[in-house]
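Please go over the structures that come below.
What follows is chain A paired twice: with chain B in the first complex and chain C in the second.
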Partner chain A sequence: MRWTKLHATMMVERFLIWYWKRRAPVATPQWGWKTSLADNVQQQMNLIMPLADTTGVGKAKAVQMVAANIDELFTGLNNIGTVHSARFDLIGEYLCIITVYDGDHEVYIRDFISVFGSVFDAMIKIVADPPPWPCELYSAEFVKWIGDHEGFQVPYNLTQMFPDEKNLENLSRDLVLLLADNPYVQIGRFSGYPALSTAQIRLAAGIEW
Partner chain B sequence: MALGTDDDLSQRLFDALVADYPDHEVGTRPVHTIGIGARGYFTPSNAAPKYCVAEQFAGPSVPVTIRFSNGSGSPVEHDDALDVRGMAAKFHLASGGKADLIMITLPVFFARDPDEFLGFARAGRPAFDPLPGLWQRVMDMLRLRPDPTRPDPKNPYDGAAGVLQYANLHASARPGTVSALLLVTPTSYARATYHALHSFRMTSPDGIVRFVRLSWEPVAGVRPIDPTVKVPEDYLRCELPERLQREPARFVLRMDVAGQGDAVNDPTQIWDTTRLRVVLGELLVTEVLADQTRDCEKLSFNPTRVVPGLECSDDPILTARGKAYEYSCWLRGGSGCPIGGEWR
Partner chain C sequence: MVRDETPNLADVQGNILRGYRKHLVRHLVLTVLDRRAVGNWLLDVTGRDLTAHQVTNAEPWDEKPSTCLNVAVTPQGLAALGIARSAIETFPTEFVAGMASRATKIGDVGESAPENWKPEWRSPERLHLVVTVHADTEVDREALSREVLAVGGGQAFAVLASLDGAGFPGGKVHFGYRDSIAQPRFIGAREALDRPDRQPLVEIGAALLGYLTPIEDVIFDVPKPEVLGLNGSFNAFRVLEQRVVAFEEFLTDSAETILASPLADQVLPAGIERTWDPPMSRLDAMRELVAAKVLGRWRNGVSVQMSPHTPTPKPPVSEEQLNDFAYREDTDGARCPMGSHVRRCNPRDARIVQRSTNHARRIVRRGIPYGPIYDAAQPDLPDAPERVERGLLGSFIGASLLVQFESILYDWMNLGLLDPRITGTNDVLVGNNDPAFSCFALPVGETTIELRGFSRFTVTRGGAYLFLPSLSAIKHLGQSAA
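Right, the complex of A and B next:
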C-alpha cells in the first residue's frame, strides 16, 4: 500500500515537473565574475563521475586505482600549491573528487592535467561517459567534461538563484525544477578560516611549501 | 520635543510599526515589546584590538546590560510564536561612555531606506487571512508550492500575505522575506544567533578602515524547538533565569569583513559566507536583572550609540533607526536618550 502511494506520488510529481519545465522553465544560474578577493580563494570543486562498472569488482577497481596513484596525487596536489583539501570518495556508484582550492577554476583544472594527467587518464577509463583521452592532448574537451560533471553549488542567499522570479511563492517550484536538472548539489559550505589563501595559512603557520 | 523633518520621519516610522500591532500598549516599545534583561561582561579577544580601536575592545573586560526580546509589538507574550528574536547589548565603558549593539535573528533586512520601510510596514498590517481550503491546497500542490505556514496558527489576522505581496513587487524586500520564512523558534534566548544587520566602520590602530558586520553566536550552539511539540507561551522568559542559575550563557562576537564590491550601506544585501571572519571576544551573560523595569525596560538601546573606532556606516536605515529609537524612548519616558543629550 505504502509502495503504491509513494510511486503514485512520484508519477504525479514527474508529470508536474515535465509540465512546469515547459510552462515556467528555470535556468541553472551561471555565476558571474567574482569581484572580491574573498570570493577567489577557497573555491570548491565537487566532481561526480559515474562508474562504468558498478559491480563490487568495478568499485574495488576504482578504490585500487586511487590507492595505486596516491603518491602521484599527493605530490601533484602539493606542487599545485593552491589546494586547501582534496578528497577522493566512492559514493554509491560514483567516484567523487571533492576539493577546495584558490584561484581560477580553469587554471586549476589545467594544473591538475599538468601535474597528474596520467591519473586522470586512469580515472577516465573507469567512468561511464569518458571524454577523449589522454587529457593532456584534449585539454579543452577535458575542462568542459569536468564542468559537466560538477555538482551545482547552491548559494547561501536563495533569492540570488532565481533573480527573475517575481513571485516568492514559486521559489519552491523553481528549486524543484532546478534539482530535476541538477541532481548533484552542494547545499552548504563552511570554512573555519574564510577569505584566507593556502599561501597565507602556510606562511602564518610557518610551514612553507 | 520639537518635531523637525527627521523627527517627522521618526514619528512616521514609529506609527507605521505600531499600526502593525493593533493591541499595542502606549508607553511600551513599538516592537520587541516583550523582553527580559540580564547582565554580564564582555572580554575582547587578542585579535580585537588589532582590528579596532574602540574602547570596548581595549580590554580587559567590560560590564554589559543585555535585553533579549521577541520581535512582536504586542503586549501579549507569545514566546511560542514564530518570531524574530532580539538581543540588545549595552557596553558600560570604563570612560563612562556607552556603546550599544542591537541584533536580531534575521541576517538581512527588508528595506534599503526609510521610504521602503514605511511601504513594507504598511504591507505588513494584519488582515484577515484564513488558512487555505482544500481546493487551494490542491492547486498549491499542482503548482509545486509548499503548504503555507502562519506565524501564529491560532490567529487568522496577520500581515504575512501582505508582506509576501510587497516582496513580490519589491526585489529589495525578497532576501529579508525569504529569511523570515526560514525562521525557527529557539529553545532558549541563549541558543540563537543574532545579527546586527547593518555594516559598521571599524578603524584599526594603523588607521585602516574596514566595513564589518557583527554577530553574536551562542557557544552552546543554535537549537530550535520541535515545532510539533507545544511549549508554554512564556517558556523563553522562564528558561533564561533557570539557565543562568546553573551557568553563564556565552556568546562569541564575530565580525565579517566586507570584500570588494560588497554593499556596505544596504542591509537588504546578504554577504557571502566567504568573507574574512574574525572573533572579537566573548560575552558571558551571568544573571537576570533584579529590577527589570528600571534597569532594562526603561533603558534606551540604540543601534547608533557607538564610540570612535566602531562607527555607523552611511546606511540610511541605520540613520533612521537611530532617530526613531530616540523618538520611541522619549515617548515612553525611557532613560539614556537622546544620545549625548540631556533630556533623559
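Right, the complex of A and C next:
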C-alpha cells in the first residue's frame, strides 16, 4: 500500500515536471565572469563521470586506475600552481574529481590537459560516455565534455538565481524544474580564507609557490 | 592531423608571421552585400586574376611590395559567404561567441563595455570582413582601398568603418613608448636567430592551426573542413583609446609621491639623471623611471631589466640587444617589477605560479597608432568642441584566442595570478583600473612603494574576434560564395 502511494506520487510528479517544463521552462543559469578578485580565485570544479562498468569489478578497476596514477596526478596538480585542493572520489557509480582552483575554468582545464593528459586519457576509457581521445588532440571537445559533466553550482544566494521572479511561491517549482535538468548540485562551499589565491597562501605560509 | 613540418608559407597570410613595417594602415570593416561578387573577388585575389592586388602571403620577399593586403573574417562573415552552420560550429567557442560576449573575461567593463563601443562594433550580425591595406604612401593606400571597395561595381560591400592608422617616428606609439620590439621567434623561420634572445624558439603551432604548439603534445583544434582551418590563425582585433593626458598626469603624481618618500634615492640614485643623455631634472627623470617601471622598458625600448636606472646606459644597449635579457635572477622585481606590463604579458623565464605556461601563451602583436600624436607643449583643450581621441589599432594574433589572448588578459593582466605578490592588481597601462582599488607595487630593496588611485588609461572602443584564413581557405570561401 505504502509503496503504491509513493509510486503514484512519483508518477504524478514526473508528469507535473514534464508539463511545467513545457509550460514554463527554467533555463539553467549560465556561469558568468566577474571582475572582483573574490569571484576569480577559489573556483570549484565538480566533475562527475559515470562509470562504464558499474559492477564491483568495474569499480575496483576505476579505483585501481586512479591509485596507480596518483603520484602523477599530484605532481601535475602541483605544477598547475593554482590548485587549492583536489579530491578523487568514487561515489556510487560515479568517478568524481572535485577541485578548488584559481582563475578561469577553461584555462584550468587546458592546464589539466597539458600537465596530465595521458592520465585523463586513461580515466576517460573507463567512463560511460567518453569524449574523443587523446585529449591533447581534441582539447576543445574535451573542455566541452568536462562542462557537460560538471555538477551545477548553486550561486551563493539562491534567490539571485531567479532575479525576475516576482512570486516567491513559484521559486520552489522553478527549483524543482532546475534540479530535474541538473541532478548533480553543489549547494554551497565555505572557505576559511576567502579572496586569497593558492600562491598567496603558500607565500604567507613560507611554502614554495 | 598534427603536422610537425614547416608550413607552406605561400598558403599563410603574411601579417601573421611577419610585420610589414609599413607607415600606413587602413582597416576596412565591411558587411557583405553581394555574396557572389565578394566570392569572385576572393578568388581573384588568391590567384585567379593576377591583375588584381593579391592577398599578401608569408613567402620571403625579394623586393618588398609597396602595398600589402590581408583578409579577416568573423563567424557572421563565414555564414554570409555561404559556410554551413555545422562547419562554423567546429570553430572554437570563443570565436563563435565573439569578443563582446567575452567582455567581462577580458576586462571590457564599465567604459570599455561593449554597449559603449563605437557603432560599427555593436552590430556583430553586420560585421563580416575586415580587409586590411598596408602602404607606404597615402596615394597607395587610397588606390588599394578604392580597388577593394570597387568590387561588384561598388555594391559588394557596405563600409561599417574605415579605420586609419599611421606610424610615428621611431616606431613609437601613444604614451611615448617604442613598440613591437619583442615578437615570438618561430622555429624554422628565417629571421629566428637574427638577434640574441634568451627565450626559446616558439613552435609554429602557436600562430598557425594544425601544428605542434608550445604546450607539450597539445595542438589547437583545426576547424573543419581542413581546407578552411589549416594554416589559419585568429586575431583579437582591438580599437584601444589611449588617454595620454591622464597617463602623463599619473607619471607626474607618482614621481612627486616617490620624491617625497625617504626611499627616493634608492628608487633612482641621486644625481644619476645628470648622466642621462640628455640630462634631465630630478622630477622629469623620476617621471621617466615610473613610465619605465610600469611598462618594463624605458620609452626608448631599453629594458629596465638590462638598465634599471638609466635609459641611456654606457656602453649603450644596441638595437640587436633589446631582447637579450631574462628575469630569472630578478626574483623580487628589483629591476623589472612583477607587475610591469611586459613581464605580465610575457614572463619569460621568471618564476610564475602556472609553471607550465611561461612560454605557452606567446602571441604575435601588430599595432599602429590612430589619432594625432600628443604634444605636451600644445595640450588638448578641455573645452574643445570635440574630444581628441588617440589610440592603437591592435591585432593580437595566435592560434588560440582562449589559451593565448584571453588567458593573458584574464589571468595575468587583470588578475595578476602569475605571481602572488601582484595577485589582485591590474596592469597599469591596459588594465581594467578602478581608482578605488588600483595599485602598482614598485619593489625597492626589502620593501615596496605602492602607487595607488589611478584610473583606466586604455579604454576599449571596439573590437572583434577575427579568423585569418589561409590562402587556400580564402579560395574555399570564394568558391562557397561565388
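Before moving on, here are some points about what is shown:
Rule of thumb we're sticking to: the second predicted complex is superposed on the first by the 209 of 209 C-alpha atoms of A that agree within 3 Å, B and C clash if a C-alpha of one lies under 4 Å from a C-alpha of the other, contacts with A are read in each partner's own complex, and residues count from 1 in each chain.
One rule holds for everything that comes next: contacts are C-beta pairs under 8 Å (C-beta built on N, C-alpha and C of every residue); 3 or more make two chains touch, one makes a residue touch a chain.
All figures in this text were calculated on a predicted structure; none of them were measured in a lab.
Considered on the superposed chain A, chain B and chain C are sterically compatible, since they fit side by side. When the two structures are aligned on the shared chain, A:Thr82 is found in touch with chain C, with no touch to chain B. Legend: residue contacts after superposition of the two complexes on their common chain; A:Ser172 is shown touching chain B, with no touch to chain C. By the touch criterion stated above, A:Asp102 is placed in contact with chain C alone, chain B being left untouched.
By the document's definition of touching, of the two partners only chain B reaches A:Gln42; chain C does not. By the touch criterion defined above, A:Leu203 reaches chain C but does not reach chain B. Of the two partner chains placed around the shared chain by superposition, neither chain B nor chain C is touched by A:His7.
In the superposed model, A:Trp20 makes contact with chain B only, not with chain C. Once the two complexes are overlaid on the shared chain, A:Arg189 sits against chain B while remaining clear of chain C.
Of all Cα pairs linking chain B with chain C in the superposition, the shortest spans 8 Å.
Residues 35, 37, 41, 195 of chain A lie in contact with chain B in one complex and with chain C in the other. Contact residues of chain A toward chain C in the complex are 32-35, 37, 40-41, 79-82, 102-104, 106-107, 110-111, 113-115, 117, 134, 136-141, 144, 195, 197-200, 202-203, 209. For chain B in complex with chain A, the residues that touch the partner chain are 142-146, 164, 167-168, 171, 174-175, 177-178, 181, 257, 259-262, 270, 272-277. Residue ranges on chain C touching chain A, taken from their complex, read 2, 92-93, 102, 104-105, 107, 109, 215-221, 352-357, 360, 402-403, 406-407, 410-411, 414-415, 417, 419-421, 423-424, 432.
Within the complex formed with chain B, the residues of chain A that make contact are 13, 16-17, 20, 35-39, 41-42, 155-160, 163, 166-173, 176, 189-191, 193-196.
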